[in-house]
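By letter and in written order, the chains are A, B, C and D; residue numbering begins at 1 in each of them.
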Amino acid sequence: MAIRALVWGENVHEQESPVVAELYPDGMHNQIARLLGEEGGVETRTAVLQDPEHGLREQVLAETDVLVWWGHAAHGAVEDEIVERVARHVWEGMGLILLHSAHFSKIFKRLMGTPCALKWREAGERERLWVVNPRHPIAAGLGEYFELENEEMYGEPFSVPEPLETVFISWFQGGEVFRSGLTYRRGAGNIFYFRPGHETYPTYHDATVGKVLRNAVKWAHNPQARYPGVHDAPNVPVEAALEPIEERGGKLHEAGQEGFR
Amino acid sequence: MAIRALVWGENVHEQESPVVAELYPDGMHNQIARLLGEEGGVETRTAVLQDPEHGLREQVLAETDVLVWWGHAAHGAVEDEIVERVARHVWEGMGLILLHSAHFSKIFKRLMGTPCALKWREAGERERLWVVNPRHPIAAGLGEYFELENEEMYGEPFSVPEPLETVFISWFQGGEVFRSGLTYRRGAGNIFYFRPGHETYPTYHDATVGKVLRNAVKWAHNPQARYPGVHDAPNVPVEAALEPIEERGGKLHEAGQEGFR
Amino acid sequence: MAIRALVWGENVHEQESPVVAELYPDGMHNQIARLLGEEGGVETRTAVLQDPEHGLREQVLAETDVLVWWGHAAHGAVEDEIVERVARHVWEGMGLILLHSAHFSKIFKRLMGTPCALKWREAGERERLWVVNPRHPIAAGLGEYFELENEEMYGEPFSVPEPLETVFISWFQGGEVFRSGLTYRRGAGNIFYFRPGHETYPTYHDATVGKVLRNAVKWAHNPQARYPGVHDAPNVPVEAALEPIEERGGKLHEAGQEGFR
Amino acid sequence: MAIRALVWGENVHEQESPVVAELYPDGMHNQIARLLGEEGGVETRTAVLQDPEHGLREQVLAETDVLVWWGHAAHGAVEDEIVERVARHVWEGMGLILLHSAHFSKIFKRLMGTPCALKWREAGERERLWVVNPRHPIAAGLGEYFELENEEMYGEPFSVPEPLETVFISWFQGGEVFRSGLTYRRGAGNIFYFRPGHETYPTYHDATVGKVLRNAVKWAHNPQARYPGVHDAPNVPVEAALEPIEERGGKLHEAGQEGFR
C-alpha cells in the first residue's frame, strides 16, 4: 500500500518573488510532491498556508503517514492550535520531514524544545553534502557525497538536541559546516531535518535531492496504527496491580481520581 | 566558588494537605534546599509559585546555576511567559533538575517537545532504584541500588525523547518499571529528570535521595558563562565569508537584511 | 523478496541436558527458525557450532541478511577468525540479533567494545517485559507489556554502551530490572540484543517472543547492498581534491603511498 | 588534587623523520605533556612504545586518571595483552583521549567495535574546526571555530559508532568534512577522540589545541574510585533475592556454580 505523504508549503515567496516564481511556477509544494511521486509507492497530496486551517484539518492529518514541511517567511502566520495538532499527530506516529528554513518553523521548535538557530548567507555558493552514515535508509542509493552548486549557507552551531543519528554533514564554499541530515524520534513519530532547499535556487529540481526526499518519506513512515496512548497518564488502581500489593502510607488522591496535569 | 542552586516549590499541597504538611512543615522546597546544603559547595535559595513572578525574575535566574523544580497540582498556574524565561536560561546554560511530578510541568514538556506522560498508582509501595550507569557523576557514592519503602508508582511507557544517558531504572513492587534518572542537554543547559519525591511520603528525608540531588546539582552546573548566542541566527555577509566567495544566483534578502523567524 | 535469516545455535545444552533436550528436541536453533518462519517473508536456515567453520563460511554469510545468535556454554569454542568474519559482515550491513546468554558471546563483546556483564539467577521466576518505546518496529503488534512466567533473571548494571534506543525493560519477581531490548548500529549493520531465552524454560515456544523475533529480523534487515568501503582508509591525492588546493608543509608519505594501519 | 595524566607516544616518527624531529625535538609526547601542564591542575607523565611493557604497567595505569594516546606508524607493534589491560582500565573508569592517527590504534578499535576508517590527504591544507556544541566542557573558552593553517585532511565517512555527543566538526580546504571531536562512554570510562595532530605540522604548538587538550583531560577525568565490578557477572542465589521468591522450573546450574563466559 502506498505511503500517504502530505507536502505542506508556505506558498508565499512563489507569489511575491519573481525569482522563486520562475523556478517553481506551480509552487514549491507541487514540485516537492512531484519528486516524491517519481518512483511510485508514495501517494502525495499538498496543502498550503492559505488553505482553511492551513490545509491541516484533523481528518487530513489522520490520513497522512508522513508530512513534509517547507516554510520560511510566514512561520508566524501558522496558527498555534494547528501546530499543536500537528505535534499531536507526530507523537502518535505521523512522520515529519522538515525542509531547510523549516528549522525555524513553529512545529520544529515545538518538537525539539530548543531555539533551532543557525547562521546563514545567501550567496549561491557550493554545498557538498557528505554521507556520514553510509547505508542509512535515508542515504540509500547515494554515493559518498553530492553537490548543490548554488545554495544558501547554513552554518553551525545549530541549536538542536543531539540527534538519534547524523546522516549528512555539509561543506560550504565560504568556510562553514552544517549537520544537514538529522533524525529524531518524538513519541511514535519519526522526524527528519534536511537542510537544502533555498527558494531562490533550483534545489527541488535536483535528482539526488529527490532521491533523499523519497528515502526520507519511506524511513519516516511508521506503518503501525496511531498511538493515542502517548498522551495518557492513567491511574492504575491498587486492586488492578499486576503483582498483589496493599495500600500503605499517606494519600493525596481519592480512589479512581484523575491525576493533575 | 559555591554552586548557586535555586529550589522552586509549588507550595500548594503543604498548605492544603495535612499529610504533606506534617511531613514537610517548612514546605517541600525548604527541605529539598536543606538536602542540597548538607555537604557544602552548594548555596541554596528557594522560590515558590506564590511569589511575585513565581520568584523567577530575570535577575534571580541570571544568578542561578542550577534550578531544581518540584510541582504537581498547579502546573497550569505557572505563567507561560515565565516558562519561556526559564527555558531561555536553560538554553543559555542554566542547569535544570526536574523532580517527580514535574514530569508534567510546563517547563519540562516545553524542553522535551513530547507529552511526558506515564502511568501512576499512589499506594505507598516499595521502589528500588537500580544504578544502570555506575560511576556516572549523578550516581557517585551510591551502591548498586537504593530503596524507598513507600513511594508512588510511575510506570512506563514514559513519553520522553531518548535520553543522553539513563542513570537509574526503578523496580516497583506492584510490577512496573520506570526510567527514573535521565539526562538531557538542551542548548548549553544540562537537564536531569529524577523520579522519586511524592509529597505524601518522606522521600526528601532520605539520605540517599539527598546524595543524588547534590550529585545532580554538581553534574548540571555549567561553570562557563551563559551563552546568549544560542538564540541567534546571524547573517554572515558575503564579504565577511571566511573563504573568499562571490555571490551568485537569485536572492531573496537585501544585503544586511534580517532573516525570517 | 524474503529476508534471508540464519539462526546460529551453539547446540550444546540440547545434547547434554535432558531438561533442554525435552524442551527443544530438534535443538533450540530449529525452534527459533520455526518462529521466524511463522508468518512468511523470512527464509530461514540454521548453522551450529559443530558445523565446519561453525556453519559460517564466507559464502554463507554473504547470503545472509540477518544472523540470529544463541550461545552460552561454548562461547570460548567459537574461533576468533570466524568472529572477525561475522563482525566484518555486520559492519558491511548484515543484521545481527543476539539472544539471552549471547551477551557474553565473543561477537557481541567484539562489537560493543565493553565487558557486557550482568548479574543472574536461575530460579524460574516471573519476568515482565515493558515496552518503553511503543510503536518501535521491534514492538509492533505488542501490548504495553508481556510476561514470561519462568525465566532466568538478568540484572543491571549491564555493562554495554548507551544504546541507540531502548525498546524493552524487564521487571523481575526477585527485585531486579534489566534493559531487555537494545538497538545499536555498527557500520552499516543493525544490531539488536534481546534478553529472554534461557534454555531450561519454554521461552522459544512463546508466541510473543516469536513476534518480537520476527519484528527484530525485519528491523535489522538492511536491504541495501553490502558496504565493503566501511573498512577502507583511502588516500585522496592532492590533484584529485574536490576543491583545488596546493600541497604545503612537511610530508611523511610519498605520493600514492598507503597509510599506516 | 591534580589530575594525573599520562601521555603515551609512539615515538617513531620523531626518530626517523627529520621533519618531525625538527618540530618535536623532545618527542611529540613531551610537547603534548607540556601543553597539558600549562595551566596547572594536571600532573603529567609520559610513556612510549619502546618502554618495557610500552610504559603501561598495571601499576602505572592504576595511578593514571586520564591516558592521552598518540600513535601512527606502529599501531601493530603494541602488544595485544597491553591493549586489553588499557581497555580494562578504561572500563573501570580511566579516561582516554585519542589523538589524530590514533583512530586506527588497537585500543580505539577495541573500544569502538568498528573499523574506525576514514579518508585522508597529506597536503598541509587549512582545517577549520567548528564548535557544534557550544559551552560543552571540552569547548570551554573557545570561540565559534578555530583554524589550523596546515593539517592533514581526514574525511568522512568515519566508521565509528554514533557518539554520545559531537563537539567539533572540521571543514577542509580541499572539500571534505569530519567529525573532529566525539565523546563516548564505555563502562565507567570517558573517551574523547580529537582529530588534529599530524606529525609533520606544528599542531601541538597551537595554543587552542592545548586548550582543547586540557579541557578534554578535565572532562574525561572520573574522580570516583575505579569500578572493578564492570567485568563481573555474579550469581544472585535464590535465597539472597531482594524479594522473596521460590525456585521453579528446570535448572542448568548447581547452586553457587559460576556462569559460563
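What we mean here is this: a residue touches a chain if its C-beta (ideal position, glycine included) is under 8 Å from a C-beta of that chain, and two chains touch if they have at least 3 such contacts.
Computed from a predicted structure; not experimentally measured.
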Quick check on chain B against chain D: do more than half of the interface residue numbers occur in both copies, making it same, or fewer, making it different? same
Please work out which of A-C and C-D is bridged by more C-beta pairs in contact, and write that pair. C-D
Which chain has its C-alpha centroid at the greatest distance from the C-alpha centroid of chain C? B
Chain A to chain D: how many Å between their CA centres? 36
Distance from the CA centroid of chain A to that of chain C, rounded to the nearest Å? 31
Chain C-chain D separation of Cα centroids, rounded to whole Å: 27
Touching two or more other chains, which residues of chain D qualify? 128, 134, 155, 157, 162, 164-165, 173, 175-176, 185, 229-230, 242-243
In their shared complex, chain A is touched by residues of chain C numbered 93, 128, 134-135, 137, 140-141, 145, 164-165, 173, 185, 188, 222-224, 227, 229-230, 242-243
Can you list the chain A residues touching chain B in their complex? 13, 17, 19-20, 23, 72-76, 87, 91, 101, 104, 110-115, 117-125, 150, 153, 155, 157, 159, 161-162, 164, 173-176, 184-187, 198-201, 229-238, 241-243, 245-253, 259-261
Residues of chain D touching chain A in the complex: 128, 130-134, 144, 155-158, 162, 164-166, 169-172, 175-177, 179
